[in-house]
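The same chain A turns up in both complexes below, where it pairs with chain B and then with chain C.
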Partner chain A sequence: MRKVRPSAVVNLVRKELRAELRTKHTVNFMLLFSGLAVAFFSRISGSYVAGAPEIGVGLLWLVFLFTGMLGLGRAFVKEKELGTLDGLRLTPMSSAEILAGKAVYNLLLMLGVQSIIFPLFIVFFDFPIRGSVLLAFGVLTLGNACFVIVSSALATLVLNARARELLLPVILLPVLFPVIVLSVSALKGVLVDGEGFLNILGEIKIILAYAVVMSTIAILTFDFALEE
Partner chain B sequence: MLRIYASLAAAFAMFTYGAYKALLVFPPISSPENPVMEELYRNVFFHVPINASGFLGFTITLFASILYLKTRDMKYDLIASRAAKVGVLFITFTLLTGMVWAKPAWGSYWNWDPRETTALIMWFVYLGYFALREAIADEKARARASAVLGIFGYSSGIFTLLSTRIFPSLHPPTFGLELEPEMGMALGIMITASIIVFLNLMYLEMRIERLKQSVGGR
Partner chain C sequence: MHAVELRDVEKSFGRHRVLRGVTLSVERGEAFVLLGPNGAGKTTLIRIVATLLRQDSGEVRVLGYDARKEAQEVRRRIGVVSHNPLLYEELTARENLEFYARAFGVPIRRAEEMLERVELEERADDQVSTFSRGMKQRLSIARALLHSPQVLLLDEPTTGLDIRGRRDFYALLERLLEEGVTLLMTTHHPEEAERLCSRGAVLHSGRVVAEGRIQELKASVGSLEEAYLRATGEEGET
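Moving on to the complex of A and B:
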C-alpha cells in the first residue's frame, strides 16, 4: 500500500483547500502571526540588523519556524478534534498518499506565507539584497519543503498526547535543526554575500539529501503513526 | 545479580587499568603548535568511550524501535526506551567531558563548534523522545509514537557523526584518529569497559521498569 497516485494526492489537497477556504482560520492566523513577528523583530532589532544583515536572515527563518509550527501542527490536530481522522483513514488512500497530500497542502500554506512575508521582511528591515532574489526564494522554498515533510510526519505522533501543541515544537525543532542551519547559511550566502547557485550548491545538496532521507522515513513509518 | 556484579567488577578493573595507563604511564605527546595539548590529549581515553556507548544506546533504540513496529512486542519498546535513557545519560557525560577539554583547548567551555552544536541537538532530540513518552497515557500509542520518533531522531545522531566533515570544525575527526598502538589498546579497553557499564545500567533500568509494571505502577 505504498503506491502514490497523483490524483489521490491532488484530491486530498483540494479537500484541504476547500475546508480551509470555508473559514480561512489557519491562513488568517498564520499571516497575522508572521506579520506581527516581522514587525516586532524589526522594531526590536532593526538597528542591529542594519549593521549585521546575517542576523536578519536568522530572524526571517525564526518567523517561518514559529508560524509553521503553530499553523502546520493543525493539519492533523484539526482532523482529530473534528473527528474526521477516522474518515480520512477509511478513504481508499494509502498512508503515503495521505502524508503527501497533507505535506503538499502545508507547503502551499507556507508558500503563501512566504510570498507575503519575504517582501514585507525586505521592506521592514530595509534589507540590502546583493544576490538573486529568485534564488533566495528558491532556497526558502526548499527549506520550507523539508520543514513541511518533517512536520507533517511528526504532527501525527502527538495526536494521542496531552498538551499536543506544546509537545510538537519540542520534538520537531531538534529534528529540523540541520535544515534550519543549512538554509540560513545558504540564504545568507545569497542575500548578504551575493553568492550564486554554484557557491551554495554544497548546502543545497545536503538539504536535498536530508529531504530524501526524511521523506523515506516518513513514508515507511506513516502507516504506524496514523494507526489508532 | 551475580553476573551483574561480576561484569561490573571486570569493567572496573579495565577502567582502572585504562585510567592508570592514560593518566600516569603515557608520555605527553608532542604538539608544537598547541602546547596545551601535550597533556590534554589524555581526555580522549574518557570522552571517546563514553561517547561510543551513548551512540550505541541510540543505535539500540533505532533497531529496537524498528523491531517494535514490526512485531508489536512490548519487550522492544522497553529496550528502546531504556537504551535511550541510558544513552542520554552517557551523552550528557560526553558533553561534560568535552566542555572540560574545550576550556583549555579552545578557550571557552562552549564554543558552538559544529560537533558541540549537533551533539547538543541530538541530546535534545532524545529528551523530546521522553517528553513524548510522558505525554501519552495509552501504552500502545506511546510505544508506537516513540518508536517512530526513535527512528526519526537517529538522523540527528548520523548528522552528529558527520558534522566534522560537513562543516569546518575544530573537533578532531570522528573516524581515523591516529594513536600509538599501545594507546589504541588502552582506548579499546576503556571503550569495552564503558560498554559493559552501559549494558548493565540498561539491564537494571529494564528490570526496574518491569518491577514497576508488575506492581501496577508506570
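Moving on to the complex of A and C:
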C-alpha cells in the first residue's frame, strides 16, 4: 500500500473547503438543522434532562448523528453526481489520500458544528457539568472523528447504489452503534460523573481501534467500491 | 512499443457483455478513432484504458504499462477529456487547474501556461459555473494536458459544442498531434474522424467489426459514413 502524502491530502482538503466556503450549502444546512434540533429537544425534554442528565448526553449525540448524516455523505455523492470523482481518480492520488482528504474535510465540518452546538446545548439545557469541559470536547471530537471515518468509508461503498442517499443512513446506524454507545458512555462519564481521562481510557482505546479497522477496510475496498 | 495495446479484452456488467474479445493497437503519435453506435462499448473501452474500469479478462497496456497492475504509472502518462469536463463548478478556472496541478505534482505555473494555451487567461478568475460549454471543454483540455501526457483519451469530446467550439477544439487537437501526442478518441461523427484521425476501428455490440486506415475504410465503400453503416449493419435502417 502506498504511503499517504500530507501535501496531497492538504490539496484535497483546501479544494473542498474553498468550494464549500463559496457556496456554504452543506455547512449552512448542518448548522441550521443541529441548532433547530437542540432547540426542539430542549423545549420538549429540558425538564427531564435536568433530573437525568445522561439523557441529555444521548440527545446531544443524536443531534450530531443526524447532522452528520445530512452532510457527510455529500462529500463523495457530489463528486459522483458531477462526475468529478473520475477526475480525482485519474490523478496519481492514492485511494488512501483521497479518503483521508475527504475524511479530514468532513471532520472540519463536524468540528465547526460541534464548536457551536456543544455550548448551545449546555446553555439551552442548563446542563450541570461536573467534569472538565475540555475533556468532554475532546471526547466529542474523537467520537465525531470515528463517525466521520465510518461514514466516509460507507459513503464510498454505496456510491454506485441507486438510492445511495437513503441507503447510507440505513447501513450507517448499525455500523456506528458501538461508537455511539462508547462515546455516550465516555461523555456521560466526564460531564455527569466528573470522571477524568484515565477513567474513560478504555472507551477511548476501543473507539480508536474501531477507527483504525474501519479506515483500513475503507482503503482496501475503495477502488473496488468505485467500479461500476 | 505501442502507445495503447488491447488484447482479447472482455468486459461484462452483470449478464450484459459490453466488450467481446477486443484486440487493437494504437501507434505512438497517431490519432486513432473508435466509431460505433450508442452502446457499442466505446466509452467502456476508453474507461478501461484510462484505468477507471478493470477488464474481466484480456490485457491492456499503455506505453508498455499494464493498465490494471500499474494504474498509477498509466495515470501519470495519460490525459482524459470526456463529454463531462471533470471540473469543479464552484471554483474558478485557475483554482481548478491549480488543484489538478498539485494533485499531479507539477509546478503551479503550468496552470497559468495552460490557461494561456487554451486562451482562457482573461476568464481565469471566473467561476467555471459561468462558462459556456465550449469554454468548459477548453478548460477540460487544459486540465488534461497539465502534466504533459503522452496519450490523450477523448470520449466524445465535442458533444454539445457549437460549430465555432468544434473548430477551435479540432485546431487544438491538431496542434497536439504536431507535438507528438497520441490521440485515442471516440465519436459518433465520421467527419470528425476524417479530419483528425489516420486510423480507426468500428465497434459494434462490443466487437471490432472493421479496422484500418481511414482512407482505406473510405475507399472500400466511398465514404467513412457508409463504411460505418455497413460495418454496424445499420445501412438502410434510416
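Just so it is clear, the second predicted complex is superposed on the first by the 226 of 228 C-alpha atoms of A that agree within 3 Å, B and C clash if a C-alpha of one lies under 4 Å from a C-alpha of the other, contacts with A are read in each partner's own complex, and residues count from 1 in each chain.
Basically, a contact is a pair of C-beta atoms (placed from the backbone, for glycine too) under 8 Å apart; a residue touches a chain by one contact, two chains touch by 3 or more.
In this text the structure is predicted, and so the values were computed from the model without any measurement.
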Report task. Examine A:173 and indicate which partner it touches, taking first as chain B and second as chain C; both and neither are also allowed. Result -> first
Query raised in the report: Which partner does A:225 reach: the first (chain B), the second (chain C), both, or neither?
Result: first
Requested in this report: In the overlay, answer first, second, both or neither for which of chain B and chain C A:40 touches.
Outcome: neither
Requested in this report: Return first, second, both or neither, reflecting whether A:93 touches chain B, chain C, both chains, or no partner chain.
Outcome: second
Requested in this report: State whether A:84 touches chain B only (first), chain C only (second), both chains, or neither.
Outcome: second
Query raised in the report: After superposition on the shared chain, which partner residues are touched by A:197: those of chain B (first), chain C (second), both, or neither?
Result: neither
Query raised in the report: If you stack the two complexes on chain A, which partner ends up touching A:48: first (chain B), second (chain C), both, or neither?
Result: neither
Query raised in the report: Both chain B and chain C contact which residues of chain A?
Result: 227
Query raised in the report: Touching chain A in the complex: which residues of chain C?
Result: 13, 50-54, 72, 75-76, 78, 80, 82, 84, 86-91, 95, 99-100, 102-105, 127, 143
Query raised in the report: Which residues of chain A touch chain C in their complex?
Result: 2, 7-8, 11-12, 14-15, 18-19, 22-23, 82-84, 86-94, 227-228
Query - Complex contacts: residues of chain B adjacent to chain A - result: 69, 117-118, 121-122, 124-125, 127-129, 131-132, 135-138, 141-142, 144-145, 147-149, 151-153, 155-156, 159, 166
Requested in this report: Using the touch definition up top, name the residues of chain A that touch chain B in the complex.
Outcome: 150, 153-154, 157-158, 160-164, 167, 170-171, 173-175, 177-178, 181, 206, 210, 213-214, 217, 221, 224-225, 227
